[in-house]
Amino acid sequence: MKEDLLKLIDILGTITFSISGVFAAMQKRLDIFGILIISFITSIGGGTLRDVLLGDLPVKWMRDIETPLIILVSAICAILFRHIIKNFQQTLFIFDSLGLGFFTVLGIQKGIKFGLNPGICVVLGTVTGCFGGVIRDILLNNIPLIFRREIYATACILGGIIYFILFQTHFPKEWLDVTVMLVVFMIRFLAVRYKLEMPDLYSEDKKGRP
Amino acid sequence: MKEDLLKLIDILGTITFSISGVFAAMQKRLDIFGILIISFITSIGGGTLRDVLLGDLPVKWMRDIETPLIILVSAICAILFRHIIKNFQQTLFIFDSLGLGFFTVLGIQKGIKFGLNPGICVVLGTVTGCFGGVIRDILLNNIPLIFRREIYATACILGGIIYFILFQTHFPKEWLDVTVMLVVFMIRFLAVRYKLEMPDLYSEDKKGRP
Amino acid sequence: MKEDLLKLIDILGTITFSISGVFAAMQKRLDIFGILIISFITSIGGGTLRDVLLGDLPVKWMRDIETPLIILVSAICAILFRHIIKNFQQTLFIFDSLGLGFFTVLGIQKGIKFGLNPGICVVLGTVTGCFGGVIRDILLNNIPLIFRREIYATACILGGIIYFILFQTHFPKEWLDVTVMLVVFMIRFLAVRYKLEMPDLYSEDKKGRP
């Protein structure tokens, strides 16, 4: 049952990441194949970079046609029904935050499987969760959003640290993944809900800001 | 004889891709080594990304000094004779389109050799054909050209789909590669000749376009 | 003793590269985690790209927690003491140039260890020395600095060529690495000191320049 739930979150995360790619690409007025490529890269970019760095190749989505198909179908639906989907921003945001938590945990666990240091596992979790969006923003010639003051990569990093703190305690191992996923989700959710931002390092010269 | 022809197209494709890198880099006024690096990356970028994703490492151009040398020589010639070469735009465009077809087929065949799903092979063909140019545009801080409405990635994707349709029929296997190469070439050639573009998804708000 | 010296230069290079990442990220007003990520990528980006292209995976910094820790500590110090560090530009520049030389030699030697052609080894040296900065600039949406007319990649390439010229002579092998490191350092140092630049390919239309 837990397996089914995680599978569902994986799929929902993949779908919302691909939809976020579609919307970002349409803002830059790309053509239909450009949109599909950006959607695909947003969805699989983080996991791909993680697997390349680990040397776990060919990358996962090449050996498993299911994920590319899910992305393709959801991207086409997002293009067709873009005017309707825009009304479900709140729902998409919740799925996106769940996906962020799920992919972060996935990256951490893969690092553990490869016998890597906890610090590196946190990096891998952050890469898996965030770098699809980073590559999307680079391709669209934007400064990657996660480097802005929003709590995004921060949620992954904090989640990763909490993972290894709980790991040291008597916390039941079988609930570790779901718990950390929800922690990342909650950090991200509360940050957006209450407009939390990272502290501004530049406040001293704020008046000069354009 | 067919082998010689394919080898020739490989070299012509490599050369034109490297020349396109030189011209793009000079538009941004890079220095001589910057131009050489961009030229090199434009030429080998697509195949490199494909091999990294597949885990076929070290990447091919490291084990075969011939390709880097061809790129180096053609890039230097392109810089020296840039005022002459500009008069051969039409010839360059034909070589470039042939190269696009050739590299697409190369990527597809490599995917088949790795036992991957046809859909993934089409992706690999598109990556091999197009992503040298994508990385070039990222490095030069442009939005990648292929994401614009021109028929470019589209030609690779359609070529890839036709490859697997013909593969299912009684079409002679030994002509499959040349045929699909010419199909990609023709799609690209006709698209530019008759100014075909991908359908405009944004027509409804076209008047507001700057 | 030589080993200790090289180790020290490795650490100094890592530190100055990470500081240069911090300053570049702060110019774009990134948040604290954004700065740390850019700092990390500037420091390990070149070696990571080299190892990915070679297939020497998982990349080195994943198996060795020391480097990430050095980067983390020096980045945090750079953020905290940014007003003080700014007064040591000259010192930082010397460390940075030493690091450039060190990482170039590291890349060349790794290429030799993999049995690659001298030309490819020079490419690997240049990638190791320069591409951390290139990836930093891409992420920050700048045109990579090394493609500008400054002598930077040029120093790596010349150093690499000198490496293999000396390699053919009776030059003592045990001093090859230190010598080439100092050559790269001197080229870079003198170029900045005497404001040397690559020849301007575009002088004919210079008047039209903005």
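We just call them A, B and C in the order they show up, numbering each chain from 1.
Throughout what follows, a residue touches a chain if its C-beta (ideal position, glycine included) is under 8 Å from a C-beta of that chain, and two chains touch if they have at least 3 such contacts.
Not measured: the values here are computed from a predicted model.
Rotation angle, chain A onto chain C, C-alpha superposition: 120 degrees, expressed as a multiple of 5. In this structure chain A contacts its sequence twin chain B using mostly different residue numbers, the overlap staying below half. One simple way to say how far apart two chains are is to compare their mean CA positions; for chain A and chain B this gives 30 Å.
Chain B has residues 52, 55, 57, 138, 141 in contact with two or more other chains.
By the touch criterion given at the top, residues 25-26, 28-35, 37-38, 48, 52, 55, 57-59, 61-63, 65, 68-69, 79, 138-141 of chain C touch chain A in their complex. Against chain C, in their complex, chain A makes its touches with residues 52-55, 57, 114, 116-117, 119-120, 123, 134, 138, 141-144, 146-150, 153-154, 157, 197-199, 201-202.
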